[in-house]
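Per-chain numbering from 1; labels A, B, C and D assigned in written order.
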Amino acid sequence: MSVEISPMILSVFVPLFGAIAAFVLPRAAALIGFATLVLTSGAVAWLARDVLAAGAVGLPLGGWGAPLGIDLRADGLSVAMLALTSVVGFLVSIAALDSLKGPEQARQRQYFWPLWLLLLTGMNGVYLSTDIFNLYVMIEVIALAAVGLTVLSGSRAALQAGLDYMYASIFGALLFLMGVGFVYLQLGRLDFAGLTGAAPTGALIAALALIFVGLALKTALFPLHFWLPAAHANATAPASALLSGLVVKAALYVVLRLAQYMPFPSENLLTLVGLMGAGAVIWGGVQALRAERLKLLVAWSTVAQIGLIFVAFARAGEVGLSESWKAAALLILAHGIAKAAMFLAAGRIKDEIGHDVIRDLDRTPIRPTLAQFTFALAAISLIGLPPSLGFIGKWSLMEGAMAAGYWHWVGVTMAGTLLSVAYFSRVFAGFLRFDRVRAPVGEHQGWALADAAPLTLALMAIGLGLLAAPVLSFIEIGYPFGVAP
Amino acid sequence: MSLLPYIAALGLPLGLAVLLTWAQARSLVWRVMPFAPLSALALALLGDMPMTAQAEWLILGLHLGLDDTSRLFVIFTGLLWCAAGATARHWMRDDPRATSFGVMFLMAQLGNLGLLMAQDALSFYAFFALMSFASYGLVLHSRTPQALGAARLYIGFVVLGELALFAGLALAGAQAGSFLLTDLRQTALSDISVALLMIGFCVKLGIMPLHFWLPPAHGAAPVPASAVLSGAMIKAGLFGMITILPLGSAAYADHGTVLMAAGMVTIFAALLLGVQQANPKAVLGFSSVSQMGILALGLGAGLMVPQAWAAIVPVLIFLAAHHALAKGALFLGTGAFAAQTGRVTRLVVTLALLFPALVLAGLPASSGGLGKEALKTALGAASPVWLPWLTVALSLSGVATTLLMARYIAMIWHNPPKAPANLAPEAVLLPFLLVSAASLALPAVWGTLAQTVAAPIRLAPSGALWPVLCGVVLAAGVAVFAHAQRIGAGVFLSQLTAPFRAFGARADAIVAAKRRAARRLGHSIPKALGETADQWRLGQTAIAGLIVLTLAVELRTTLPAETAIFPEQQQHPMPLQDLTLTPDF
Amino acid sequence: MMDAPLLPLFILLTSLLAAPILFALPERAARLRTAINLGMAALKVALVGWLSIKVSQGVIYDLRFEMLPGLEFKLQADPLAILFIALSAVLWLITTIYSVGYLEHGPHRARFFGFFSLCVAATVGIALSGNLFTFLLFYELLTLATYPLVIHRGTAEALRAGRIYLIYTLAGGLVLLLGTLGLWVLAGTTDFVPGGVLADVVAENRLAAQLLFVVLIGALGVKAALVPFHRWLPIAMVAPAPVSALLHAVAVVKAGAFGIMRVVYEVFGIETAQTLGMTAPLAALAGVTIIYGSIRAITQDDIKKRLAYSTVSQVSYITLGVALASPIAAVGALAHLIHQGLMKITMFMAAGNLAEGLGVKRVSQMDGVGRAMPGTMLAFTLAALGMIGLPPLAGFVSKWYLAQGGLQADQVWVIALLLGSSLLNAIYFLPMLHRAWFRDAAPEGTGAPGRPRIGWMLAAPPVTTAVLVLVAGSFANAPFSPLEWTRFIVAIEYQE
Amino acid sequence: MTPDLIYGLTGVAVFGIGLVGALSAQDRLRRVLALKLCSVGAGFLLVVGAWREPPAAPDPVPHALVITGIVVMVSATAVALALIRRLQTLEATDER
């Protein structure tokens, strides 16, 4: 049997082999890492071309086929997620080169690449999976790699945070596994196709609820977010960028995907999800307002943003997900790019100034202008100011909510936006205040090539808003939610 | 018609004002300051009336023009500005703020001349505002606390007036559908717009109760400025009413009544307030207020009875010219007086001041007297109800003005205004004399000057002397009384009798001296008579004459006495009824 | 003549592209920065001139680009847009000269001019927006670009002000987003069309349309500083003088007023707005703002604060003129958009010169400054008298038209309002003029002794704009004057 | 009471015990062990679900799931234990 070289296979296995190679040859880890990334990105581009040409494409792995075999499938949404992962990953890697270059970071350098490539494997796997068990496995791969990245710095706070993350992750995995088992016991199938059209019996709903809670734990939906701020705040900058920009999105993607095939949840359930999202928006915002450190603030902002994405789910209402998933998908993309940029920028600021205490940002004469500018650009997208991608996402969210008459979700969105303005403006004030500095301010200090990656990401977050129409039409390829737009 | 003459007329003061800010040109500008209104004057004197010109692209469409009414205003206003400019040139020679004064002076002049030429509401308003605001600098010029206070009061009233004017014009424009003044005049404007316009103009005129700003402002401003403030600019209010309100075409009984009542009150209340002033220029200011009350009577009558307006308006114009020249002369004379250092020259100036003062008071055959009489005649056509009152008021205003003038003359000695140091006394005298002469000559030249509107003046009786006399007597009485109060009754009485005692003593001396001579005469005359009688045989002649006379009488008594040679004549005593009225003060 | 359909885009790009270049320039490359600044500003003026000629010839510019299905990024150059662009282009040039002089030795010039450029780009974008969605994009960009300018000094006070500014304007932007969405959901389009797009909706869903009106006007009212939302404006005064000048004359406040115009005329349509019964409350609100701003201005001792409250009051004239729903008042409102810009920028630049040259920042320190800085104070005086509404200055023309418009709409109270406002204007401006011209400087002067030395770059701009104030008023009826152009626009908006 | 129900309830009970332990335990190691207990409960449940009446063979798929779960749990536990150990070393150095 000849193994057909498919871009889907490549995009999962190339990173896997890269990870192994990078682990075995730590000296060449960076080189291997970049080669892997380039290859993977090429594969994703190839896949994107196929998808553009032919719509959704599928591939039965090893020739078994559903319901028992492992199928891979790619449509517009999954390719968009793959592309997000590739692009953000590539740029974060470039930033990591600079961030991890010091002699005291040799150990971090050694482990970063294998872990990151493993993470890439898991994520690409998630985006191409077509059955929930496969999803489970990939999610676990992601979880292990993510915990590794979290504790990369080796500091006590990072270890503690990583341990908490680990507990949450294990627990979430268990719930997911239970849910998967129950689904199987109910339906006898694990592939997405088998889930479609299943009668919503009580047991099945319970199973799905278990899966949802597990995913919520992994994606840190309020009130299950407890592990996230510490984990994201204490990791090194590139790791934080990956964790916050990409890892959380994998679980979100699974929720989105499952929502496509699951029986339609009742209105009350959706409202509950929305309330949790609203709670995240408010609580995350309030905590960000109180945060004392820059990275912690950014991490809390992630909690709030994830809540917003769940609000986007919740506003589906009677119209169903056939419309609202777009808002969610756009928000996921926007947040992925912008948050990665923001964490990298925050890391740059911390590197230049030597600390990231918000209150003391203005006490130093060192002003890493470009990094601050990048931070501000990313904040624009996260707040949802035009013309950023975040704005477009928020626009679709509010438009749908208004059309459906869900004014409370509109209110939540607006409150979240105001909160984000409030907490980000704390940071800007720190950037732009000068009267607490005795020494002359070095305006352009801190220009570095390292700023290029975050700046590119931030500019993408803004600029993609202008290209929202093509992006939208791309993720609609293959009609992931079955309804022609 | 081309806009050029107007550009020349209005551009001259504007150009000078701009030049004045340039340090090198300053002395030159001051030298030509008196001639700034010349081009406007020339336009008014030589142009063919009516003349209009328009520039649609300026502001909201600028219309300028002159007609028989406005050219008269331009003439006397321009003349006054000339004289004031001539005074200012010397008055401001060493003043540290001369430039600021000069700019404000010229800007006010520009506004004043411009508003007389304006033919549309907007440019009228623009020039009016320019004049009013520029005068602020004139009032404030000395920066003394009094000037500051006066200026604050002034600007407050100006703003009030401008606002009322703006509102009135806006409403009027909306009602007429046009901003041309000719259209406004022919539109029956609503009550509210007429009221607003009236308020706006009455502020400028100083009609009570809108007069508060006027006397302090006129008192505080430097002499040349107060001359134009009181002589020229105040007339803008009158001109505005004449040229904007639909007088003669629509009746506004209520407005007219109010205005006439206000005018009446103004005439006499200003007297009461004016005679208490110590500053001679403030006295003059109150006199202006009082005089404007007279104009208000005419305007009020015009508002009430449109038919009478045609007769009233020429008189009002004449009165305006009269007051402008006389009051201008008085203000300039105040300056001339202050500039004199010697007592004698001061006396001379005072004498010269008496002329415009009496003209203002309404000496018969002077412009004052003629004007008042003409106004009486014109008002006769207006309201029979009001007429007697108006007549009385007008007559008594003569008394009032005389009293104010007396007060003014007294105060000018008592409390002379300050003139700048190093002022050439004769330099400021000339403009004063010029305006005084113009004031005196006004009745004579009015006929040729005003042509079409001169008729009422030509036909007017010369007026009565008694109000002036009465005023003089009263003033004298008051002066004496005040004098007595000041120095105490006993001293006053002794002062009073001092002339008589002196006369007696003098007479005694004369008698004593002459007695001896008389005695000598008593001796020599009989002796000489005796000698002459002897010489001429007078004794015999006298006896012969007596005999003849006796015979004649004898004969007469024997003749019958039927016819009386001298019939008895009947005698009627002349009553002095008019003198029973005395002003109530 | 050459035809360039992308002309509006070029105009936008002149300042949008200048921004990153200016950001990237090192701090010491002052000459190059100035050259770019002035070159771009002059280029923009030229392009705007060209555009306005083309538009007056009837050429229609319409650039579209789909951002979301059915939702377009749309630039269009209609006469109303030209009015606003012309104002911003000319004043940008002048203010740029002024800022170069003002910040000659100050820190953070690269940042300043970058954001300055961005701010103008946003303003131009607002003017050129062909629909509410595009308007929203630039509206938010404007907020973001002005924030760093407001806090440019980097002091605690500046940051406090910036925070308040940001919260107000971003909240306003958020509400505008809500309103835009509402419009999109209700009408299915956000395009600006003379006569409005909501006529059909109003018939079916009156309440929704009314709510939409309130939301949109409320949102725009934040930037236009309508009364409950005006608090940020006086506080934002901590910004450097050229920023205040630009903020008050062209950019932020005007963007709000311009937006109100667009919304009332081209989203609702004046007839529809009247049918909804929303114009009268809006006019009343504008009236309250006019009086309130003036009253607050009286008690301010800080010159710039006084000017700021004056802006609160004056900008509402525009809203008032729009809300009166009379063509004549509309002419007044549009003309005031230009005239107020000219006058206020003059005053702010003059105030900046006083602070720079003499250290005078308070009204109570203004004694005798007219003698020390005659040119600057002459400009200030002209502008102040114009604000009071004296002819032949620009402010008079707009007030006059507003008054006539009030009468045309049978709203006689407008006259009283204008009078009251003029009176209050006089009350707070005349004392400043009095001090400047008619008082002698205090013996232990607040400023440096002798004549202050300010370069021509500071001295010339206010004088230039003051001359423009005079010219705009004096030649109001001439062709190509702002007034003539507004008449042209009003004919379109009222579809006459 | 069929056997599968008994086994099933037992599985649920074990899972519940583990859950309570994981949530309430303060000690890091205890928490890991509690989570392990959870996983055992979950596996138990699935295996029970795969049970069929004897002539029929049990369903193999849940078994495969359980085996995968065990593998995942083992690796996760390993990572968690490594972290705990490292933390304890760090704390020990800090305290000293």
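Everything that follows uses one rule, which is that a residue touches a chain if its C-beta (ideal position, glycine included) is under 8 Å from a C-beta of that chain, and two chains touch if they have at least 3 such contacts.
Everything numeric here is computed off the predicted structure, so don't read it as measured data.
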With chain centres taken as the means of their Cα atoms, state the distance from chain A to chain C in Å.
42
CA centroids of chain A and chain B: separation to the nearest Å works out as 94
Rounded to the nearest Å, the gap between Cα centres of chain B and chain D is 117
Centre-of-Cα separation between chain C and chain B, whole angstrom
53
At which residue positions does chain B touch at least two other chains?
none
Name the graph shape formed by the protein chains and their touching pairs; answer line, ring, star, complete or other.
line
The chain pairs that touch are A-C, A-D, B-C
List of chain C residues in touch with chain B within their complex:
374, 385, 389-392, 396-397, 399-400, 403-404, 407-408, 412, 415-416, 418-419, 422-423, 426-427, 430, 434, 437-440, 473-479, 481, 483
Spell out the residues on chain C that touch chain A in their complex, using ranges where they run on.
23, 26-27, 65-69, 73, 107-108, 110-111, 136-137, 140-141, 143-144, 147-148, 151, 153-156, 158-159, 162-163, 166-167, 170-171, 173-175, 177-178, 181-182, 184-185
Residue positions on chain A within touch of chain D in the complex are 68, 133, 136-137, 140, 143-144, 147-148, 151, 154, 156, 159-160, 162-163, 166-167, 169-171, 173-174, 177-178, 180-182, 184-185, 188, 190
Sites on chain A touched by chain C in the complex:
369, 373, 380, 383, 385-387, 391-392, 394-396, 398-399, 402-403, 410, 414, 417-418, 421-422, 425, 428-429, 432-435, 441, 443-444, 465-466, 468-469, 472, 485
Give the list of chain D residues in touch with chain A in this complex.
15, 22, 28, 31-32, 35, 38-39, 42, 45-46, 49, 59, 61-62, 65, 68-69, 72-73, 75-77, 79-80, 83-84, 86-87, 90-91, 94
